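As written, the chain order gives the labels A, B, C, D and E, with residue 1 at the start of each chain.
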Amino acid sequence: MGYTLDFSVVWYAMPALLWGCVGTLGLALAGMTLAMMIGVAGVAARDAKSAWLRAIVIGFVEIVRNTPFLVQIFFLFFALPLVGLKLNPTATAIIALGVNGGAYAIEIIRGGVQSIHKGQIEAGYALGLHKGQVFRSIVLKPALRAIYPSLTGQFIMLTLTSSICSAVSAYELTSVAQRIESDTFRSFEVYFFVTFLYLAISWLLMSGFAIISHRFFSYPTR
Amino acid sequence: MIEMKGVQKWYGGYQALRNVDLTVRRGEKIVLCGPSGSGKSTLIRCINRLEAIQQGGIVVNGHRLDDSIKAIDVVRQDVGMVFQSFNLFPHMTVLQNCMLAPIRARRISKTEAKATAQKYLERVRIGDQAEKYPAQLSGGQQQRVAIARALCMQPKVMLFDEPTSALDPEMVKEVLDTMIGLANDGMTMICVTHEMGFARQVADRVIFMAGGQIIEEGAPNAFFRNPQHARTRQFLGEILAHH
Amino acid sequence: MIEMKGVQKWYGGYQALRNVDLTVRRGEKIVLCGPSGSGKSTLIRCINRLEAIQQGGIVVNGHRLDDSIKAIDVVRQDVGMVFQSFNLFPHMTVLQNCMLAPIRARRISKTEAKATAQKYLERVRIGDQAEKYPAQLSGGQQQRVAIARALCMQPKVMLFDEPTSALDPEMVKEVLDTMIGLANDGMTMICVTHEMGFARQVADRVIFMAGGQIIEEGAPNAFFRNPQHARTRQFLGEILAHH
Amino acid sequence: MTPQFGLPEFGFLLRGLQWTVLLTLVAFVGGCTAGLIVALLRTCGRTTVEWMVRIYIGIFQGTPLLLQLFVVYYGLALLGLKLSAFVAVAIGFTVNASAFLGEIWRGAIQAVPRGQTEAAMALGLHYSSRMRDIVLPQAIRIALPATIGYLVQLIKGTSLAAIVGFIELARAGQIISNQTYQPLLVFGVVGAMYFILCWPLSWWGSRVEARLALAGQR
Amino acid sequence: GTLEDVKKKGVVVIGIQGDNPPWGYVDSSGKQDGIDADMGRAFAEYLGVKAEFVPLAVANRIPALTTGRVDILFATMAMLPERAKAVQYSKPYVANEITLVAAQATPINSNADMGKYVIGVPRSSTQDTQVTNNAPSGTEIRRFDDDAATIQALLSGQVQAVGANLFYPQRLNAAKPELGFEPKLHFTALYNGACTRLGEKEWNETANKFIDQIKSNGKLAGFYAKWMKVAVPTFPDSIPGVPFTVQ
C-alpha cells in the first residue's frame, strides 16, 4: 500500500501535544471541581423539603444523563448567547463538563448516602445531633468512601469526554492533535500517540485519586 | 422519670404498639423481653423519639415529647441509647466517637469533651484503646465504647436494645458487667435483653411484651418463678429450655 | 471415618492450626468449642477442603484429601456442611435449593431428586414450605432448610459451624431439636457450638480449642465438671456465668 | 437553496436514529458476550490472567472511544486488515463495551457473598455449575442497574461512529443543521430523540435499583 | 485496489464530504449530492462502473484514502503543497476563494485589523491556514469542527469574523440578512482537485483524462451552472509545489 509509519512527526509536535495535555488536564480538573460542587449541593437539594427544588434536581439529572454531551455543549455555546450570556470556549467547556459530571455525581453520591446504614444516622440522632450535623459529621465521609471508586471512574470518563470540547474550539489535547494531523497528514501516528497520552493522563489521575483515597478514606473497616 | 400513657404506634397499616402504659421511676432498672416482633425496640425507640407515635403521650424527665424540635432536643440529650449493632462511627477513632456529640450538641470545649470521654472510657475499662478505630476492636469492646459514648452526654436515662445479642459468647460477660456496674451506680435503665441472668441480678421489674402490648410485669423472682399468662410461660419455656 | 494428622494451616503469615490430630469414628458426635479466633471454623473447613492445608494429612471415609480435583469431589459429596449464616441460595425456592446439588453433582434424575428433597424437608418438619423462597422464612426455618439441603446429598458426615448463633433465641430450640434427631439416627457429626445443653445431651466427645491447638478433650460430663486446663476453666467460667 | 427544517429533514433524522439503534444493538450483543468472558477471566483466580485482563480493561477504559474507533478502522487497515466500516465499528464498540461491562460484572460477581460460593463448594458443585446456577443469577440482579446505565452511555456513544462515516443520529443532525442553518432547533430535536431513546431505559434502571435496594433491606 | 480491480468489481469507492453543501453533502432523502457528488458520478460513468460514496469528515479524508478505504477523493480537497506530500492531486476542477467575512458594521480593512477581533475558522481547513498565516500574531483564532459550527459561531456572536469560502456570505445572509455579511479581506484563490494515492500512476492519469474530458465536453460547465451559479473560470496549468501528475 506504500504507507510507512513515521513517528518523527510526533516527536516534532511533542511540545504542542504536551501543552494539549495540560489543557485537557486543566479542563478536567476544573470540570471535576464544579461537578463535585453540583453533586453535593444536588444531593442536599434532592432531599429538600421544597417539592419544586426536588423536581428541578430530578429533571436536571434526567435531561443531562439522557442526552449526548455534544448536544449539551452546543447548547451552552450557541444558544446561551441568544439570551445574552456569552461564555468563552474554555468557560463553556468547564461548565459543560461540570454540569454533565455533576448530574452523574448527584446520582452516585446519593447512592453512597443511601448505603449508609440507618443505624448510623439513628445513633447520631440518639446522641442529640441535628440533621445537618448528622449529614456533615457522620454520613458524608463514609458515603464518599463507599462510592469513591464509581465517582473517580466517572471523573475519568469526564476527562475523556473533554475531547469533545474541541467542537467549540476549546484548547485541549484532541484539538491539538487534529491540528497536527492536518499539518502533517500523519493521522495514524498522531492519533496512536494521542491515545497513549490519554492513557497516561488517565493513569496519572487514577494515581492521584488513590493518593487522596489513602489520605482521607483509609480508616480501617472489617 | 419516664411516663408513657396510652401510646399507640402504627407503621403504615401495621400497629406495632397497642395502648402501652409505662411509668419508670428515677433509678429504676427495667428489663423488657418478649418474642421477636413484639414491639420491644419500637417501645424504647419512642422514648427518645426515633419513632413518632400516633396517639397517647410520653413525658421524659418532665418534658412532654411533642413534635417541637426543642422538646426532642432536650429529651435526646437526657436519654442515652445503645444499639444491638453498636453503630459506632467507623471513620472516627474511639475518642472522636465519644467527643463528637458533647462538642456539637452540648457545645462544650474540646479539652473538656476529651477529659469526659477519657473518664468514661476508663469507666468501661477501655481507656487504652482511645486512638483505635472501631473496626480494630472486638465486638465486646465496641459495645463498651458505645456505652461510653452515650455516657459522655451525661444522660439521665439509658436505653439498651439487645446490647449483647450480636456478641460472641465470651464477650457477653464483659458488656453485662459494665451494665451491672452502671446499674449499681443508680442509673435509670431500660434494657431489652434475653439475658435472664442479668434480669435476675439487676432488674427492679421485668416486663413481658407480645403483639405490641405489655402482657405482664413483675419483680424478677415472681416473674420467672410464677408467670401469670400462658403466653409468658410458653416464651420463658422456650428461651430457657436450651440453657 | 475422619482422620487428621499433624495438620498445620497458615493464612499468609498467620498460623491458624498448629499440629492438629483428630480421629472421628463412624457415628461419633463431636462438639468443638473454644474462644473466638481459636481455629474452630478453620478446622472443620479443612475437612471438606474449603481451606487447603500446608502440612499434615486428612483422610475422610478412606479418601486421602490431596490437591486432586477427584479426591476433593469425592470427599465433598460425602461431607455435608451447615453454616452459621445458612447460605441458602436466595434466587431459588426451598425445593430448588435442595434439588440442585443432587442433580448437578450426583447426576440423579429430577424426579428422584425431588422425592429425596421432599423426604428430607419433611424430616426437618418443613415440607409445607417447599415452594417458598428463603427470604420468606424465619431464621430457624432457613437453618432447617440448610440442614435438609445438606442431607439431600446423603452425606456420611455432617459438619455444623455455629448453626444457631445467628438465630433469635426462640428459634434456637427448633434447630437444636433437628440436630438432636439427626444425632439419634446415628449420623457422624462435628458441631462447632456454644450450646452447652446440646453438648451435654448428644456429644460423645467435647473438644476445646485455643490458639489453633486442641487443648483438651473428653466426654461431656468429665469435660464440664472437671476441666483439666486453666484456659478451659476460664472459658467455661465465662460462657456459663451469665446463663 | 436553504431548506427549512420540515418533514423530510425530520425523516432524515429518523433514518439516522435507525443507525443509532442498530449500532447500539450490535455493540450491546457483542459487548455482553465479550464482557462476560472478561468478567470471568478477571475473577478466575489466576494472578497472571487477572493482571492481563486488568491491563486490557485499563487501556480501553482509559482512552477516548473516539480514538479507539479510529485505531480499529484506520490502524488495522494499515496492517493490511481492511474491515468494512460496519465491522470495524462493531469491533470497536464491542471491545470498549466488553471492558466496561466486564468491570461492572466483575464487581457484581465479587459482590455475591462469599458464603454462597462456599455453600456451593460444600455441596460438591463444580465451577461451571457454581457460576451458572449460583453466582451469575445473583450477580446479574446486582449488576442490572449499572448495566442499564452503561447501555444508555452506549446509545449516546454511538454518535462517535460518525468518524468512520456512519450517518447516525448526531451526524444526521449536524448535516441537517448545515443545510438549514437552524442548529438550535435541529440539536434540540436531536437531543429530544436521544432523550426519548434513553430515558425509558434510565427509568427502568432506577426502578430495578429501587427494587433491589428494597430486597436488600430484608 | 487497482483500476483493474475496480473495473472487475464494477464499483468505484469515492470519498466525499458528507456535510458541506454545496460541495458534497447528503440530502434529506439520504442521497449524496453537491458538485463533488456529480463529479463522482460522472467519473464512475467514465470508468463504466457504479459509484459508491463514503461520506467523510474534514479530518479523516486523507487517512481514508491512504489506508485504502476509498479509491479516490472528490472531497473539496484544496490543492496545497503540504498536502501534495501525502496525496497525489489531479488537475484542478473547481475554484474557490478564501476570504474573511464579517458583518457590514465590523470595520476590517487590513490584515492588521484582524488582531482586534476573535476569528472563527473550521479546524484544519484552508481557511484555517490562510487566517493563521495572515493574521497578526496574537490574534485570537477559534477553530471549530466544521463549516456549520463556524457559521453558527459568527451568527451567535461567539466570534466577530470568520475565515470563509465562496459560500459563506450566501449562507450567513440567509440566516441573518439584517447584518449584511460580506467579504472583508481576500486571501487567495484556491483550486480543488481529485486525490489519489501517491505513486499510483494509473489512477492519476485516468483522473486527469476524465477532467480534461468534462472540461471540453461542457459537462463541467453544467455542474458549475447548477451548483456555483457562475461561469467556469480558467484553471492554472501548474501550481507551485503541487504536481498534477505522478513524478
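The rule is short, and it goes like this: contacts are C-beta pairs under 8 Å (C-beta built on N, C-alpha and C of every residue); 3 or more make two chains touch, one makes a residue touch a chain.
Computed from a prediction, not measured in an experiment: that's the story for all the values here.
Common partners of chain B and chain E, by the touch rule above, are A. Here the chain-to-chain distance from chain A to chain B, counted in touching steps, is 1. Chain B and chain C have Cα centroids separated by 35 Å. Chain A and chain D have centres, each the mean of its CA atoms, that are 19 Å apart. In chain A, the positions touching at least two other chains are 1, 3, 74, 78-79, 82, 187-188.
Shown for chain D are the residues in touch with two or more other chains, namely 70, 74, 78, 183. In chain B, there is no position where the chain touches two or more neighbouring chains simultaneously. Taken pair by pair, the chains that touch are A-B, A-D, A-E, B-C, C-D, D-E.
Residues of chain E that touch chain A in their complex: 59-60, 62-63, 66-68, 82-83, 85-87, 120, 123-124, 128, 142-145, 149, 152-153, 156-158, 197-199. Of all residues in chain A, those touching chain D in their complex are 1, 3, 5, 62-63, 65-72, 74-75, 78-79, 82, 114, 153, 156, 160-161, 163-164, 174, 187-188, 191-192, 194-195, 198-199, 202-203.
Chain A makes touch with chain E in their complex at residues 1-3, 74, 77-79, 81-82, 86, 89, 166-169, 175, 178-179, 181-183, 185, 187-188. Within the complex formed with chain B, the chain C residues making contact are 35-36, 168-170, 172-173, 176, 194-195, 197-198, 235, 238-239, 241-243. Taken together, the chain D residues at the contact with chain C in this complex read 113, 115-116, 118-126, 129, 133-134, 137-138, 141, 215, 218.
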